[in-house]
Structures are given as C-alpha cells and as structure tokens.
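You will see subunit A twice below: alongside subunit B first, and alongside subunit C after that.
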Partner chain A sequence: MTTWHADDALLADYVAGDAGPVNGASLEQHLLQCSECRARIATHQPTAPLELVWSRIRQQAEAPAPTPLQRVLLRLRMPESDALLVASAPSLRSSWLFGLLACMGFVVLAAKLGGNEGLAFFLLVAPLVPVAGVALAYGPDVDPVYEVALGTPYPAARLVLLRTAAVLTTSLPLVAGTSLLVPGLGRVAFTWLLPALAFSVLVLAASTWFRPVQVAAVLGAGWAGAVVTAGIVRDLTAVLDPALLVGYAVVGIAAALVLRLRLHSPTPPRSLL
Partner chain B sequence: MAGGDLGALRLLYDRHAPWLTARLNRRCNSPEAVADVLQDTFMALWKGAERWRGDGEVAAWLWGIAVRRMVSRLRGHREALALPLEDVKAGRPSEPSAEDKVLLGVEYGDLGAALLRLSPEMRAVLQATVLDGLTTREAGRLLGIPENTVKTRLRRAKAHLRLDLTGSRV
Partner chain C sequence: MNTTASVELTGITKRYRGTTALEGVDLSLRPGITGLLGPNGAGKTTLLRILATVLAPDAGVVRLLGRVPTSAEALAEIRRRLGYLPQEMGFPRGFTGFAFVEYVAVLKEWTARDSRHEEVRRVLDLVDLGDVATRRVRALSGGQRRRVGLAQALLGAPDLLLLDEPTTGVDPEQRVSLRQVLSTAGERSTIVLSTHQTEDVAALCDRVVVLDRGRILFDGSVRDLVGTARGRVWLADAPDPQARASWRTGTGRHRNVGALAPRGSEPTEPTLEDAYLLLLGGRGQTTGVAA
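For the complex of A and B:
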C-alpha cells in the first residue's frame, strides 16, 4: 500500500469540483484504496444533503414489502407511487378477488343446477360486478388512504382513472370467463358488457357529486329491479333488448363526457379532491 | 447484511456516501439525480440485489454499483451528464507535488498533458471505460453512442496516448 495521502487542499478542491481533470482522476483511483482519505473527504462534504438521502433510504428500507399486485405493476414499468396508489384500492385486494371468484362460482353452480336461474343470476350479477369494483376503488367510505390522498399534491383524476382501469382489467375478464361456463346465455354472454361499462362510467361521473358507494347502490338496486320486473312481465333478456343496448351506449358516452367536463373544470369537484 | 439491520447499513453509508457523492457530483450536474443514484445504490445493498463477493475493496464494488445506477438514471436525461475531463479551465493551475508526479507518471510521459490533448469525445470514452470501469456497452448507453463507436474511440485514444507518451510526436 502507498503511504501517499491526499492533502486537505486537494480534497477541498475535489469536492468543490475544482481539482482539475488529472488530479481529480488520480484522487479517485486513490480513494478506492484508502479508507483514511475516504474518511477525511467526509469532513469536506456538507452533511445536510447526505442526511436527507439517508432519511429516504431508511424510510424505503423500513417500508412494507410490495404486494404481489404492486410487483406486477412495477414489472409493467408503472411508477412506484402510482403502483402503491393503485394497489391500495380496496377492490383490488386479494380478499375482493376471492370474493368475486366465489360469487362467480355460485353463478356457474346455479346455472348447472337449473336452466333459467343461471341466466337470471348471471344477468343480475354480471353488469354489477365492475360497477361495485369501481365504486369500491376510491372515496371516503372505502379508501384507507383517502385522507392521505387529500393532503397530497397528486391529481385525483389520475388516481381514480388508474384504479378504475385496474379494477376493470381484473373484474371484466373474470366475469367474461364465467359467461363462457354458463350454458344457454346466447348473445347475453357478450351484451352484458355494454351496461356494465355504461354503469361504471356513470358511477364515475355521478361520484363527482355524490359518494361512489351510494351511486353504485342506487344503480344496483335499479338494475336488480329491472331484471326482476323483466323476468315477471316478459322474459329476462328484455333488459338487454337491442333498443335498450343503444340506450346504454348513449348513457355511457354521455356520462363519459360529463366526467371529462367535471374533471377538467377550473373548479374540480370537491368529492374527488 | 442483505435484509439485515439498519445499523450496519448506516455504518456503510457513513463511510462511503460522502466520497460516492463527491465522485458522482463530478459526473452529473443534477443534485437530484445524484441523490437518487445514492439512494438506489444503498437500497440495492439493502435488498441484497448486489452481493459483495468478498474479493477486492468494498469501495470499488460500491462504485461499480453506483456508476451503473447512474447510467440507468441518466438515460434520457443526458443533459445532466458532466464529464470532468472536459472542464480543463476549471482546474486550478496548481503545481503537482512530487508524490502527485510519481503517482500520475507525469514525470516520465506527461500523461496529464497527453490526456488534455485528446478530443473531448475520446476523453469521455476513456473516462467511462478506463477510469469508471464501465463496459463498452454501458459506456455507449451513458454517452448515447453505439457500442462500436465506443470501441473505435477507445482504440484511437489509446493509440494517441501511446504515441504521445513515447515521444514519437510532440
């Protein structure tokens, strides 16, 4: 080992960025070998920024390990903060997904047991699953980090849309898979998607005035009433009549426009902020 | 240490964060980027993503992690990249000490002057590969040039230096 050590003037120049190219490069090679000079360079370095970085490191080291969903989102190159926000939505927890699976299991079971009941169950449940998921994705009633989000300079619209997208990508395929297992659905196996999407957007738009859970409850009750009434008066599939499907599409598009207007208005809706 | 206690990490941080910061600061104009790279480096240690194989100096190993984190952090933000070998004027015209001269081999071939005579592009390649220990591929990513260009410039830079130092041309 060499007995050469950098003098204080060189260390100070180096930290200040004034050491010059050749002296700087030579000191750098020396620092890799010499713990004494490494310790002495610390006295020339301001401590405040270092402490700041250390506090960030400690925070990150002590943070809970990411959930499986978070890891998937991070793998998909979503920023860490977005992944955390999306994954903390109640309707994206594994308990919700298991509940959803069980629910779909019952629908399939009912369909296997009796002919018409399967269709009725499916019609009742399928369009409401995404709606419930969207409603349970954010808002003061369900979100454990709602208050935190309120105090954070993070666009609420982004949060809501991110979570909605995540909810729809998990629940829609599940319901669609169920529809393949239920016999005798006919075109209902596809047409349920239209009211499901329309209602989801409607919940989002209405939640700029009301609480999303309340909106979803009203919508759900209305839909259930319509299905039951249709079953008694005519036949179940009347709620997915072609004429009505056009109506759902119109409602969905109108709701999307309203949502867009509300989110981009200069005074954003309080219920979303 | 991976997954171990925070005290050990703090000890490593106290010993190595200051000089790592100083060295990163000479390569990167953005204090935020340097702070991010420092955080990334120690988080990589903490998560055990990078294991010390027990050979050589811890410092060299840490620098290896830090400089690679810097390459990925600066991708797409090349304006933050600083190349200290370029800022010739910033250097104080201080007379190098006798030890300096020996250390640098300045006495014999005047490596310093020879380095400064290289074009900035060649010096950048020389620094990234020879001094900072990046592969030619990583150096290419850092400097935003193809790997083959890095190799060509490196070869030319070495040839220039050799020519300069053996005195065939001055």
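For the complex of A and C:
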C-alpha cells in the first residue's frame, strides 16, 4: 500500500512518452502497486487514436466488399467510383435479363425454323437485343433510383454508358454466339452487329433527352417495319445491303459524337415524371 | 444567417395532359424550414420536383441558390448544393443501406473513397441507422427505408434540402429524432418539407405554404395560420352538424371545427390542423383527420 500518488502532469508526460527513462521507470513500478493511479492514467489516454481505429474498423465492416466485377474493372484501371456504378448494374439486371432471355428464345426459335422464316425471326430480333439492353439499363421505367439520380450533378449519359458497357459485354457475345447456330445466315451472322451497335449508340445519345425505352420502342418499330417491307418488296437481307451498312456506320458515328458532347453535361430537367 | 432568397419562383405553371398541377405559383424562400401542406393532387410533389431540377415547368422562371437552371453549368452547380428525397423511392435489389447511400454519394461526386465512406457513415448516423447499415434495405422496415432515403438527401449538408413526405412510416420516437436533425440543418439551409403531417409542420417550420389545386392558398407563419382558426374551434357535448369537421375526442367531448359557438360549448385553442381544415373548407378532409 502506498500513500504517494503520481501527479497529473507526470501521468500526462508518461502517456505522451515525455517522462524520461528515470521518471518513467519509477512510475511504472508505482503503477504496478497503485490501482488508483492506474485508473487515473486511463483518463490521460488520448481518445482520438481509439476513435480513429474504431472508425477504420467500422469502415471495413460496413462498406460492401468489392464484387468480382468491381475488382476486374479496377484492374482495368477504371476509376473506383465508376467501377462502383457499373457494378451496381447487375443489381438492376432482373428486368433486362428477362428481356434478354425472351429475345434469346426467339433466336433459338429462328434456328429451329430455319429457311426464310428463321432468317426473318433472326433479323427482327437479334439487332434489337442489345438495344433492349441499353434501354433497360437506365430510365424511370427500370431504375428505382432514377429520380434521385436526376437531381444529382452526375450526367445521365455517363451513367447509362457505364451500365450499357456492362450490359453489352454480356448480351452481345451471347447473341453473336447463338447466331452461329442459326442455319443459312451466311454473312448476316456478322453484318447484323453493325445496325445493332449503331442503334445502341443512338439510344444512348437520345437517352440524354428522352426516355431510353421510348427511343428503343420507336427504333424497334422502325426496324421491324424495314425488315417486313424488305421481305415483301425484295428480300429480307436488303436491310443489310452494303450501302445501308455504311448508313448504319454513319448514324452510329454521329450518335457517338453527340454522346461525347453530352457526356459531361448534367441531365436536363425532364417533362416525363 | 444568409438572408438572400435561395428559392425564387415566378409564375410557375405546369400541366399534365390537360390537368393543371401548378398555376402561376410565385414563391420566395430563405434559409429556414418551410412546410408545404395541401391535399393530394394539390401540386406539392410537382413543386418539389421543379425545385429539385428534375422537372421543367411549362411557364415561369425558376431561380435556385442564385442561379437559373437553364445552362449545363448552372444545373450542375445547383445540383451540387441540393438534397432531394422524392415521395416514392425504390431501392435496387441486394443493396445494403450503406451501399445505397454510397451509390448516391458517387452520383453526388464524392469520388474519393475514404472521404465518401466517412460522409456515408455520418449521414447514416444522423438518421440513427448506423447499427443497421450492413442490412439489406429491402429487409428494413418502412420507416427505416424512409430514413435511408433521408440519409442520401443529407449527403454533403446541402444548402437546399427538399423532402417529400420524409416521416411517412417513421415511428414517433424517430420522428422526434429526425426533427432534431432537420431543425439543426434548417439553421443554415433552406429546407422545404412537403407533408400531410401538420404536427411536423407545427413543430418544425417557421413558415407554411398551403397549396390547393395548383395555387397557393396561404403563405405565412405557422402562428398566423393557426390564428385564422382562433374562435372557430369549440368543445361541446354533442357534434355540431354546422361544423366543417366534428369528432369525439378521447375525453368524450366533441371537437367542432368551424362551428359558430353552439350552445353549451366552450372555445378551445386551435391547432394547425384545425386551421388547415378551415382553410381548405373541409372538402373531403374530415375523415382522415378525425380518426
């Protein structure tokens, strides 16, 4: 039992590492015997580092771990915040996944039908699958966070572009792979990709003004009309004539330029809510 | 306190396929909390959407935080200083509370990961959701989901905070806690609170705007609105058929709002709800309030 107690200045110096070797060793000996000073020295412990440690623990625990897709995108040097937005696209995917599967069903049906009917099915559906993917990647019809996102400075064109990238990397190879299963497609098995890409970029560019779903619907109706007309007037593959392919490329490039201009502008207020 | 107007609306009109949502609305707001009251379809949500720059008016001039949101630059500048909780808000499948607020934080240009995480935690703690931040939003109660929505609106301590029905489904204890958050925020920010909860307006707002059929019926202090009902609310032993609204209270007496001093009645202090009912003329409002 001791009657001497360390004063506050000594305790504070010790905690700060400023007590010196002699005073420090003496105080340590005293602390081993004195519960009162042990209790008092605890009050001199700075809380800031503790709070910092706790804050870091919480950060580790609460922040969702990067998904495998996020990790891949980070390795590809995509900015961390953009990777987060892209990775969120799969959580919105149920609607477009359904559309994609339905379209795939049509393509398989086309393969089964074969001949002219199979070709007609393929031409009607395949170029519109990626377009549907783009349309369902963003907008009031599919995005539960749409209205909140619209009120932020983040440009919708950039958001939809990032999500579209995620959608297209899955839908395009799927449809392209399936097209190889459809008999008698010839060069159509590859040339359909050009209007598909041009239309996708067009929907992207137009989505900075209009609802993506509306643009895709108009485009889809136009394409279906063109295929049917071509089938009646000449032959179905007329919609993929070399001259028209050049036209699709021009439309795609023009839309890409518009998109580039709009990419950094915040989305204007909409009259669609 | 900043006394320049943060919101200036002049002649705002908005129509949806022939239905008039707003008709020539003029409104000027300064920092503080303004309550927006009105029956369903009065135009409250449309007004908030216009203030949130997500909807363009058909006519009129909007000036927010000193800028007119017509150029891309002005829009971005306003949206950086804006927090918005829409009336209906969905949550993407699989998102935790933290992930959802973080997603919105990225959209609000919090690109640096550490400071973004710090800010997300700050706003989740503000709405008392720190403990359930790792739970999936869809597994949370309605009141907790509403608070997740409020948390994203509070990101970055916005200068203009627009809240559409923020306390829907929130339990009384949490509502009081949210009032504390909002009253603190209202000391420096301009807050517009659209609600059906007159008690929230009475407790929080220094100013109240009542909308009906797209027009402003009243714009003034809560005290002035309550004052319009003074001498028109009575407690009596029986309901008064002449009253705008009448209901039996927990004490067994009948509260007659808008009555002309029926026999045996005694005057009572009006509430904001009474004044609101009288202002609207009691049209279709009595059943919900009398319960």
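The definition used in the following text is that the second predicted complex is superposed on the first by the 149 of 273 C-alpha atoms of A that agree within 3 Å, B and C clash if a C-alpha of one lies under 4 Å from a C-alpha of the other, contacts with A are read in each partner's own complex, and residues count from 1 in each chain.
FYI, contacts are C-beta pairs under 8 Å (C-beta built on N, C-alpha and C of every residue); 3 or more make two chains touch, one makes a residue touch a chain.
From a predicted model like this one, the values you see are computed outputs, not experimental measurements.
Contact with subunit C, but none with subunit B, is seen for A:E147 once the two complexes are overlaid on the shared chain. Looking at the shared chain after the overlay, A:L52 reaches subunit B, while subunit C stays out of its contact range. In the superposed model, A:W223 lies in contact with neither subunit B nor subunit C. In the superposition on chain A, A:F121 contacts neither subunit B nor subunit C. With both structures placed on the common chain, the touch criterion links A:A63 to subunit C but leaves subunit B unconnected.
Contacts of A:L84 after superposition: subunit C is touched, whereas subunit B is not reached. In the three-chain superposition model, subunit A touches both subunit B and subunit C at residues 58, 61-62. Interface residues of subunit B facing subunit A in the complex, by the touch rule stated above, are 6, 9-10, 13-19, 21-23, 25-26, 31, 35, 38-39, 42-43, 46, 57, 59-60, 63, 84-88, 90-92, 94, 96-97, 99-100, 103-104, 106, 111-112, 115-116, 123, 127, 131.
For subunit C in complex with subunit A, the residues that touch the partner chain are 49-50, 52-56, 69, 72, 75-76, 79-80, 82, 84, 86, 89-96, 98-100, 102-104, 106-111, 113-114, 116-118, 121, 133-134, 152. Within the complex, the subunit A residues that touch subunit C are 55, 58-59, 61-64, 79-81, 84-85, 88, 91-92, 94, 144-145, 147-154, 159, 265-266, 268-271, 273. By the touch criterion stated above, subunit A contacts subunit B in their complex at residues 2, 4, 7, 9, 13-15, 17-26, 28-33, 35, 38-39, 41-42, 44-45, 49-50, 52-54, 56-58, 60-62.
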